[in-house]
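For reference, the structure I am asking about is given below.
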Amino acid sequence: MIIVLKLNPTPEDVRTVEDHVRDLGYAPHTLNGEVRTVIACIGDETHHADLHALLNLPMVSEVIPIQKKFKLISREVHPDPMPVSVGDLRISGDSFHVIAGPCAVESMEQTLSTARFVKQSGATLLRGGAYKPRTSPYDFQGLGRDGLKILADVKAETGLPVVTELVSERDAEAVAEVADVIQIGARNALNYALLTEAAQTGRPVLLKRGLSSTLQEWLLAAEYIAKQGNPNIILCERGIRTYETATRNTLDLSAVAAVKRETGLPVFVDPSHAAGRLDLVLPLARAAVAVGADGLLVEVHPDPEHALSDQAQQMTFDVFREFVDGIKPYVQLTGRDHAF
Amino acid sequence: MIIVLKLNPTPEDVRTVEDHVRDLGYAPHTLNGEVRTVIACIGDETHHADLHALLNLPMVSEVIPIQKKFKLISREVHPDPMPVSVGDLRISGDSFHVIAGPCAVESMEQTLSTARFVKQSGATLLRGGAYKPRTSPYDFQGLGRDGLKILADVKAETGLPVVTELVSERDAEAVAEVADVIQIGARNALNYALLTEAAQTGRPVLLKRGLSSTLQEWLLAAEYIAKQGNPNIILCERGIRTYETATRNTLDLSAVAAVKRETGLPVFVDPSHAAGRLDLVLPLARAAVAVGADGLLVEVHPDPEHALSDQAQQMTFDVFREFVDGIKPYVQLTGRDHAF
Amino acid sequence: MIIVLKLNPTPEDVRTVEDHVRDLGYAPHTLNGEVRTVIACIGDETHHADLHALLNLPMVSEVIPIQKKFKLISREVHPDPMPVSVGDLRISGDSFHVIAGPCAVESMEQTLSTARFVKQSGATLLRGGAYKPRTSPYDFQGLGRDGLKILADVKAETGLPVVTELVSERDAEAVAEVADVIQIGARNALNYALLTEAAQTGRPVLLKRGLSSTLQEWLLAAEYIAKQGNPNIILCERGIRTYETATRNTLDLSAVAAVKRETGLPVFVDPSHAAGRLDLVLPLARAAVAVGADGLLVEVHPDPEHALSDQAQQMTFDVFREFVDGIKPYVQLTGRDHAF
Amino acid sequence: MIIVLKLNPTPEDVRTVEDHVRDLGYAPHTLNGEVRTVIACIGDETHHADLHALLNLPMVSEVIPIQKKFKLISREVHPDPMPVSVGDLRISGDSFHVIAGPCAVESMEQTLSTARFVKQSGATLLRGGAYKPRTSPYDFQGLGRDGLKILADVKAETGLPVVTELVSERDAEAVAEVADVIQIGARNALNYALLTEAAQTGRPVLLKRGLSSTLQEWLLAAEYIAKQGNPNIILCERGIRTYETATRNTLDLSAVAAVKRETGLPVFVDPSHAAGRLDLVLPLARAAVAVGADGLLVEVHPDPEHALSDQAQQMTFDVFREFVDGIKPYVQLTGRDHAF
């Protein structure tokens, strides 16, 4: 950590800070700049205390942490890609995957027909929520166990591995029985109890970025999962909260490029939830491919207008076909394998 | 809901939208403005479907929802204050409460000495975390059950009711045994499974606003609790995430005034977490009193510099005494009862 | 405009609001919903008064404007593309343009060598600031008139049309003499006096989105220019201000797709300023092409490390060559003409 | 500046960075931490180059600037208050001032009646816009020169000093002739040409915080003014842009407390523009007093409903009287002089 002192500290001031620094387990190293005096504090920041308390000393102006707190998933520590295996699929930089399916599982018929269609169109994983976290308690919350049963049946029928969301620690076991990948949604992205529970099932985890998570928080949330001995993590950018209201969230594609520099984990993009409007899903998906994403998560429904949730952003079968056709040349350009 | 059509719709366009609207359970009512055609849709929005799907029709420009989705806690439905009873305390607009204590329970000695001091200085509830949600998995996560035990002992000793955070559904019973008020933190503010679990314990719930929750989301989170038959909710503003980095969060005092217009529930303010720096806690607390808050939640520690978390924002005993003296005349001005 | 009343209004309440509405030039049309009473107000919102004042009536809950305020540049009014001609160049959906050059004009040598290199690499316009708006008054503010002279000479030498920023109304004439396109920067994006002055020169204007402008504000700023009889406007997305600090701004590529639905004006992207770091410029540029941008604005400098501004984001000649090679296949995929 | 290297740099890596650092005018000082290697760079950051370019070296992880760039207005350099004199008024920490008046000057009658009323109610300065920066080019833009004439007449009649906004460099002289304080609005807060022009008139400047300005940017904007030899600056917080839509902007009262630690300049608060709704103006004004503001800027109009701008947030005379009565006891508590 670096401590910046206020202008013109006395030797006494400097000594006071140095003593505090030593007391907290660091070796202080004082540098007298032309304008500022700075005390560099040598020590392992993951083990020694946080020095921010020193901000309360009158002569301290700033405390700047240096060390990054994630390491199990860090590219600095693990420079190689960290692929995730889902059954026979290998999710890594060599291939491009589309996860598609309805926002919510509503019925066998709806889910099965969607699964068949998306599979035949080139999707390699099926998504569908049995548990839906909804902003209003009066909105449809998912079919729960019945939804899981439908997903299991559809998986048996189509062979598509299933991605489904976990919203309660109490459902972890039941969800893990059916899910090939457990999804953690944006609202639970900093719910560390749930992250830990999901990790402990041993299933790969698709971790959405929180509504307003920084890259640092997102990576540390992934580190919570890895710390349970489960490094099978797919990160998923889904837009962040900003002042702009033309889209439901602001898709942060810089984050995809930036986060790939920090970690070897695969990074997906969910353009449906980011935009919240169908007309932007295809252009944003193309952009996601071009920025370097490893896959996409999109919503497809046989009859979106009568869907029980997210009616404005689910694609019909026809639109999904056009969507896959629309991203295909961009995926080809990246030289990645794909199933469409 | 109101549907705004694009410029110059044909009669056919209008009929198409009207048919869809009826199909979804609403009665359409078309108005031809000087510039825009608008279709007002009559129906109960908590029961009929969301009309946003109609955005995908080529002639639709905007869909605007009208009805608010919270009602159990709404001032429109319940114009009177909704006071919360905690043991003998009545938290309402007539009194002003200070909840004080350490960020985390670290030891019996630390917690008991703090409790005694804050009680004698006029705090009416004790705060202290046995479970701490931390951004990094390598940071101190709280003493857990041992921390709860300490809180129970300190409560027995001092008589101060206890406010403590719940971070996992699995701990709800254990926490509810000790807690007089269960706190839901900002990171879990949209964790509906946890909100439901907390509500079902029957304990009053102190619900912090999420890191980037809108007022609407915050009130709907409270509605989740109320829907379980538990209307004993204290809302707590703790700053929102913005681009400004001079403070850890941006304390949104407008929200306190605005939310009190929407609901009769008591609203507290946590100036410690909002600012993340000690020098702003007193001025922000005074402002919170002046804007109409019903109470404050602050952090006090016998030795903040050696605290295991939040070192930069916990007050020493001396500073807390000054703090209480500093807010006292402002509280008196509001004519509310207080214990300091 | 739509006025939503509070729950259970009396007939008297409704009459009061209707009277106010008429008084302000609208025809009220009252609809009694199942839950809410809504008064639709028929009238041209660009001519009649804003009804927001009615929010101060006790029975009014919300006032919702319907009509968009931009029309000269609106796709609803002008469904066709609105191409911009710059000398022989036609900037429209049929071609893709790269505007490249140094952040600031520093010398004849630096500007000329850059211009020659970027032209030969396929850039069709030269950028370079003679006037630099800098956050600190102690940073390099540009060469001013001397910089304009250099730009004029380099244009004469290379034939590349020049894009340069206007920061003061007093320089409009001098800048317009040299500039083929006048740039309005993000900090001045809502400086309506400057927009008007730039428009009146008759030169095409490249209008960056403001630091935190909504799409609506951005388009209305363009409308200010168009209202002066100058419809030659290139919009340029350059990232918005958010809480995320991993990048200098958050590039909002959804905005590119969304704004193209609202207007036929060309939309460019500036990935250099958005990211503020060189390693993200190429992936973001590819994404910008894929999302549908009509061109890119990037910074190139013969020796970025010794540049007088924006050292971290200017490309060397070699990097620019790789950059052009990197975007080329993506541009080809869109079927647009290009010069590289 | 501090340069943080990536993990495990070679001695060669370190030498490379050190050479670059020296080349840019700094003395490097390398520290080998337990985990990270850090190179502290000694030198005056206002004169030497920005080291951010080094981010492009493969072994560099982060570049952290240390030195603050404002000094003329900095409390570190000038620990004492920097009061502003406006005629006989002295704006400083000893007194509390209310600036009141209509959003826009609409007529002699409207302005004079308002001025008389607010003076008699205790306001010490009159506000009123002759030039109005409006988001839409179709909205009322102010009376211009006629508005200035009215302000001059009203000042002659009432003796109230006048605060009015400057929106164009070309009007600086005319505005300065009438204005006792020149206001720079939020949209022009980073319009450095206008700041410079305003400063050069020699008039005190009321500088609003930009729509999304950081404290650092706001203070540097003030430094632009001070650098022209004009230290008579009143800072004015008016809310920042966030995701929250319940209020027009989010009033950042932490900023008031925080900025007063950085500078001795007076800091005012504009609760009307922040909230954009009348019902929050009084509670926010009380909070502003309590947090330590030196004054308030509010809008008063004889007939807000028929005002030509900002109808939803201007107070009637009666409401203004209640407003002054409402803040009075809070101002008294601070021990400041006041005229109401």
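Assorted remarks:
Think of it as A, B, C and D in the order they're written, each chain with its own count starting at 1.
Here is the rule we use: contacts are C-beta pairs under 8 Å (C-beta built on N, C-alpha and C of every residue); 3 or more make two chains touch, one makes a residue touch a chain.
The model shown is predicted, which means the values in this text are computed figures rather than measured ones.
Shared contacts of chain A and chain B, meaning chains that touch the two of them, come down to C, D.
Averaging Cα atoms per chain gives one point for each, and the point farthest from that of chain B is the centre of C. Here the CA centre of chain A is 30 Å from the CA centre of chain C.
As a whole-number value, the distance joining the C-alpha centres of chain A and chain D reads 38 Å. Centre-to-centre separation of chain C and chain D, using mean CA positions: 25 Å.
Multi-chain contact residues of chain C (touching two or more other chains) are listed as 212, 216, 241-243, 245, 279. On the chain B side of its complex with chain C, the touching residues are 2, 4, 6-7, 29, 31-36, 38, 40, 42-45, 62, 64, 66-67, 76-77, 212, 241-243, 245. Against chain A, in their complex, chain B makes its touches with residues 20, 24, 46, 49-50, 52-56, 63, 69-70, 133-138, 167-170, 187-188, 190-194, 210-212, 216-217, 220, 223-224, 227, 241, 277-279, 304-307, 311-312. By the touch criterion given at the top, residues 212, 214-216, 239-240, 242-247, 250-258, 261, 274-275, 279-280, 283-284, 286-292, 329-330, 333 of chain A touch chain C in their complex.
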